[in-house]
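Note that subunit A is present in both complexes that follow, paired respectively with subunit B and with subunit C.
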Partner chain A sequence: MGTLRGKLLPPALAIVFSALLCGIALVISGANPLTAFGAMLTQVGEGTTLVDVVNSTGIYYIAALAVAIGFQMNLFNIGVEGQYRVAAVTAAVFGGSVTLPPGLHALAILVVAAVAGALWAAVPAILKVTRGVNEVISTIMMNGIALGLAAYLIRADVFGELRGNNIRTPEIPSTGWVPGISFGSSGTVFGLVLLAALLGVGYWIMMNRTRFGFELRASGESSTAAAAGGISAKKMVLIAMLLSGAIAGLVAMPEILGRDHTYNLNFPGGIGFSGIAIALLGRNHPGGIALGALLWAFLDKSGLALDNVGVPREIVTIMQGAIVLSVVVAYEVVRRVELAAEQRRVGRQTGTAEPVGGAA
Partner chain B sequence: MSTTSTNPSTAPLTVPPAKRKRKLPGWSTAMIGVAGAIVLLSTTSYLTGFPQLTSTGTWQTALRLALPILLAGLGGLWAERAGVVNIGLEGMMIMGTWGAAWAGYQWGPWAALVSAAVFGALGGLLHAIATVTFGVNHIVSGVAINLLGAGLTKYLSTLIFYPLSNNPRESPAVPKFDTYSAAGLSDWLGDLEAQQRVGISDVAGILRGITTGVSPLTMIAIVLVPATFLVLWRTRFGLRLRSCGENPVAAESLGVNVYLYKYTAVIISGALAGIGGAALVLNPGQPGYLEGQTGGRGYIGLAAMIFGNWRPGGLLGGAALFGYVDGLQLRSGGKTVLALFYGAVLLLAVIVVVQLVRKKWFSAAFAIVGAAILYFVYFSLDELPSELTAYAPHLVTLVVLAVASQRLRAPAADGVIYRRGQGD
Partner chain C sequence: MRRRMRGIAVSAIALTSVLSMAACAKDTGGSSNAGSGNTAGDGCTLAAAPPAAPATSSSDDASAKVDGSALKVGLAYDIGGRGDASFNDSAAAGLDKAVAELGVKKENVKELTAAPNEAEDAKQTRLRQLAGEGFSPIIGVGFAYAESFKVIAPEFPDTKFGIVDATVEGAPNVTPLVFAEEQGSFLAGVIAAYQSKSCHVGFIGGVETPLIGKFQAGFDQGAKKAAPEIQIEDKYLTPAGDFSGFQDPAKGQEAAKGQIDSGADVLYHAAGASGKGVFSAAKEADVKAIGVDSDQYNQETVSNEKDVIVSSMLKRVDVAVFDYIEAVAANNLSSLPAVFDLKVDGVGYSTSGGKIDDKLKTVLEGYKAQIISGEITVSATP
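Our next item is the complex of A and B:
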């Protein structure tokens, strides 16, 4: 089987399958799936939707990159969710309380966010390396604590201030803003979406063209084999987790520096979990992740149109969940089919009988 | 990721320590633990002047809040004993809350219970199909089920609850179970508690809290703990199920249908998580289904199970602790929770003495430092911020994992992808 087909077929199958599934759900609930999907497609041309999709893609892309770095090392960083939240609060508080020249201010905020994310990821990393604590459980716990910590830090008597019904951190002065690319009435693309693209390029270079990337992947494939080659698995776990946390720290920055200029109660949650899904969809490849992020953003933003045709827009979330599950199943099935084909091929060449375990 | 056979969720395990001769049977150790906890709480409440630590109200609330955690944890126990890591408990629990509300407002609490179990079991079935049949990484499937569970319930509530309750995030009110109290006992214990005598009143308060206003669901959940133990550890079925979690290839060689056992375990796991969701909806303090109601309790259930070393008894202890801290916070606020720090200092003091006697200087020093920090927190703060106390279970879990992860022992093949016939 061609490798390209092996790579592209599973996600395509998964998307078609999920769309079918949601179509059936729509029919059962008495709606016309064609109208619904049509409304979603036409929505892209309306108002600010296209720009929203681009912005959202950038944000999801950063989150998925953070998850993907962990995956390369066979680490499950479920904690991206908590890391970007803690980083957002810290960066917003920092940005709102210092005065620095334009440019430098924004840069300093970005650095603070990355450091805060890395520090939050350092806890599970250190626990894993020194005490052998499973990172899945510890990052889940850190997510909970992050929620509490963020809620505490923006209390009016700590760092926050009350504005109307909303509690938020002090506004970051305009020196710390990152200007966007305006498209008039169609909205403004966040300037930091470019940062997402840069991170993607950096990720590709790091993974494929540096010694560190090789060591990371080798260690993720087999830590014992890597250890025999002189690579310390513990060191790799630590670095991968810190790097993942640092990138996760940047997830909320496009929104905070480009539009909100503050961390408030309406801060969007769940991006970390979407990041996991997108990294899986894109198989940790920077290009694949970009497509996955685009799909996610499209579903999110054009799903808003569904309310107009009388369909609850939450069907989009079902679709996203179905895509993740079916894409991993599809990858596995394709892998088994290819393995069986390979076994048959080798069997024919060597003249032995049909090998066992040939069926997928 | 799913292409590699190594699984990140299997933490590096150490070889279990050489078997010491057990002096006491398990139940008596548990009794000593419970007695110790009561003495500790009663001393703390006496020394800090917070009778709420052992009051009826606190314990009643604690029991109600511990139920969902306990049930989710039991769900996790069933799945992981069969070797399937179930991060999807949260999603199955969410499906359970929706199922409970949907059947509950129409046909009453018993229907709610059954429907919640069915909805949870459907989530479990999905997890089983993905992980057992298709060999998908268990964590990946769990994360997907959490996404799916949340999305599905949001969709269904908008579709079905919105016309009835005018709120897409809420169901119509769900009728609750009648509650039962041990009539004469309850009054007598109430008198004892009111006398404010050291020790006796504390025990009376705790006992009254867990015997007053008990719903059938509470009884079912409590009975499920020994039932789980008996089924998993004292029957042929349980032995086979656990063998699938320890060494599926060996189990297969003995003729056990590993797929079937894993499917059964994960479906039961989902049903239990679903009932845990029902426990939230049927809690007398709640009107019915509410979006985001589970608030990560599925994860806490998982933590309670790890806390309890993959054993039902330990799980009960973990759920009780988490429920208790939650209940204390809800009933009497951050000040009282801070008193628990004092209790923890007392506990650490005892540990220090024990470790000194056993000449374990390192752990004694570690405990002294911990006690000093906790005492400093207790001394310097007036009140713990409520935002943070809500996440105390998370913090406790992290500390326990950091301190005791070497002693915890997960089933040997937990999270390992198994395929029939791979062992030859």
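Our next item is the complex of A and C:
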């Protein structure tokens, strides 16, 4: 029971705290916070917003899972951003240039995306295990290279084609599309949102029910102890990074196979960075990440309503930042409080009520 | 261990966006057309100037006053929105003019702005909000809205949509408002060639997209036409897909410095807000610059550097937006030109600041007449 409280209380506190913070910011800027939050809530029922939230949740969820796998191994994969972009271009080019039967075509595109993402992540992984290069630095640099590579690949004289003032990869034929679940005028849920859910289940099984998951967590907790237990930390780093990259490669697939059918200049960026925040918020737990992704998607999509009530939409960005910062603080506070409570309880039971000091 | 990692994670999040921008800032498609060039400072050997343009009788038919008081006008800006001192502001000026001259009521105007890196559905939601509230016409500022119009326009067949910088196929209720940027930029290239002392000029584009490529293409052709031996530096701040190149004056300044160091002494930018950095670098090195989109000499955000601005390539988004609103009010969309080019003054050059003398002006008008008559065709790709 205490552990459940320890898990749920911090994010709840963080959300309330950041809502308060934004409320104060709104009051200072002369707007009514209640109108603003009310507009955000009612926006969910408008147009396609609810469906957009669901779609966006799925996309954020995949990105956050990719980050979380790295976190489990104590790897900080900032490169999700670049991995999903490179994977998206590669998969879009591949999908637009081959002819395959329906179903198989989409499957092949997904495999190509995952492989491309994994390969892009392999560079920092290999650098880390062979030369000890910090993955934070190398993945950030790979992000920069990814942007350049993607821009090169969609040039009209390479793989892209010019459409007015936009450039895009050749359109993927309908055999490669993944049909969605249509709600008429309320929008269409991407079929691949289900893939996100499957990935979540797979992630949970892998971490909690397989030897690999155990070894991963063990190496993450203490690489020396794991090594003493016969686990090669290098192998774990390599596998974790490749897995993380493969999942990252799938991030853009719901949009590309479900709606756009091409990679173009309007490709959304920043999902990888949001994934880091969401993985932190969800503490690498598949359920927690799902809630985090839902919250992020809700803030993103319903924030569009703020323009209608004359409130700057950027308040949502402030809120997201505040949530991440305060969730870290809140976890620490709750952990210390629980530690102290535990000590008091043990002290009462053993009769030696001598606190050892709450600090860690 | 865990805790330490979290600490790293948080600080890294803060750093990430900054670093990743920095990482991709370097070296994007810079190329210099190396050559001997003359650095004597006497300017270029200029090609023979075109014949002076015949005096044109300004065909300003005082159009009948159109009443727009019944219109509800919605504007969806691209990244930056009103106040970007560039593209979006130009659209806003057109809207303001419609409010002032056509009697469009202020309370019947709604303006929304895109966020950087937003997903496609956010654009659709924005347009749907406007259309759902009964706004018509609705103007999307920027080609980024093209895909969204494809979805939204059929949903609201009775609403009139206009889109700047793009053509939407298969949607009869979407009016394209596109420009011949390469024609205006051609004249900017001519100005640069005539103003350069080292016979060496530079182009700085914000993001390497096909749209900005039109600016480069026109500029290069114009400079070469006026001075066949001229050296031209071409540089883009960020690759396609990373739109930070339009919002980063520091990057603009760095790129401009590089071009000045290699000898260029007239710089033309098509880099949105990054252009401010180009002007700063030009002022520091005491060279000249050419602005873009609006008459930048008169812009407040760059008023400190305005004495380096010899001219600006005008892309009259304001004219297009105003004309479009007027055409909707008069219910006569066919009156709009297919392309806002030199002929209809959809693009052009500014003379504010007095740096363009009468002689150069005659030359420019000569080239302009040749482009309009079709004697010179300006290619839209570099």
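Structure notes:
By definition in this document, the second predicted complex is superposed on the first by the 338 of 360 C-alpha atoms of A that agree within 3 Å, B and C clash if a C-alpha of one lies under 4 Å from a C-alpha of the other, contacts with A are read in each partner's own complex, and residues count from 1 in each chain.
The working rule: a residue touches a chain if its C-beta (ideal position, glycine included) is under 8 Å from a C-beta of that chain, and two chains touch if they have at least 3 such contacts.
The structure presented is a predicted model; accordingly, all values stated were derived computationally and were not measured.
Aligning the two structures on subunit A places subunit B and subunit C in clashing positions. In the superposition on chain A, A:29 contacts subunit B only, with no contact to subunit C.
By the document's definition of touching, neither partner reaches A:215: not subunit B, not subunit C. By the touch criterion defined above, A:324 lies against subunit B and subunit C together after alignment on the C-alpha atoms of chain A.
Contacts of A:164 after superposition on the shared chain: subunit C is touched, whereas subunit B is not. Of the two partner chains, subunit C is the only one touched by A:259; subunit B is not.
In the superposition on chain A, A:74 contacts both subunit B and subunit C.
Legend: residue contacts after superposition of the two complexes on their common chain; A:333 is shown touching subunit B, with no touch to subunit C.
Judged by the touch definition given at the top, the superposed model places A:138 against subunit B, while subunit C stays out of reach.
When the two complexes are overlaid on their common chain A, residue A:47 makes contact with subunit C while staying clear of subunit B.
Taken together, the two structures place residues 71, 74, 76, 78, 136, 140-141, 143-145, 147-148, 151-152, 155, 221-222, 273, 276-277, 280, 324-325, 328, 331-332 of subunit A in contact with subunit B in one case and with subunit C in the other.
Residues 1-4, 6, 8-14, 87, 126, 130, 134-137, 139-141, 143-152, 154-155, 158-159, 168, 296, 299, 302-303, 306, 385, 387-388, 390-391, 393-395, 397-398, 401-402, 405-406, 419, 421-422, 424 of subunit B touch subunit A in their complex. Residues of subunit C that touch subunit A in their complex: 1-3, 5-6, 8-10, 12-13, 16-17, 19-20, 22-26, 28, 112-113, 115, 117-122, 124-126, 128-129, 132, 143-144, 146-147, 155, 165-167, 208-211, 238-242. Residues 46-49, 52, 55-56, 71, 74, 76, 78, 81, 85, 136, 140-141, 143-145, 147-148, 150-152, 154-156, 162, 164-167, 185, 187, 220-222, 255, 259-260, 264-270, 273, 276-277, 280, 300-301, 304-305, 307-308, 313, 324-325, 328, 331-332, 360 of subunit A touch subunit C in their complex. Here subunit A touches subunit B in the complex through residues 25, 29, 71, 74-76, 78, 123, 127-128, 131-138, 140-145, 147-149, 151-152, 155, 221-222, 273, 276-277, 280, 284, 312, 314-322, 324-325, 328-329, 331-333, 335, 356-357, going by the rule given at the top.
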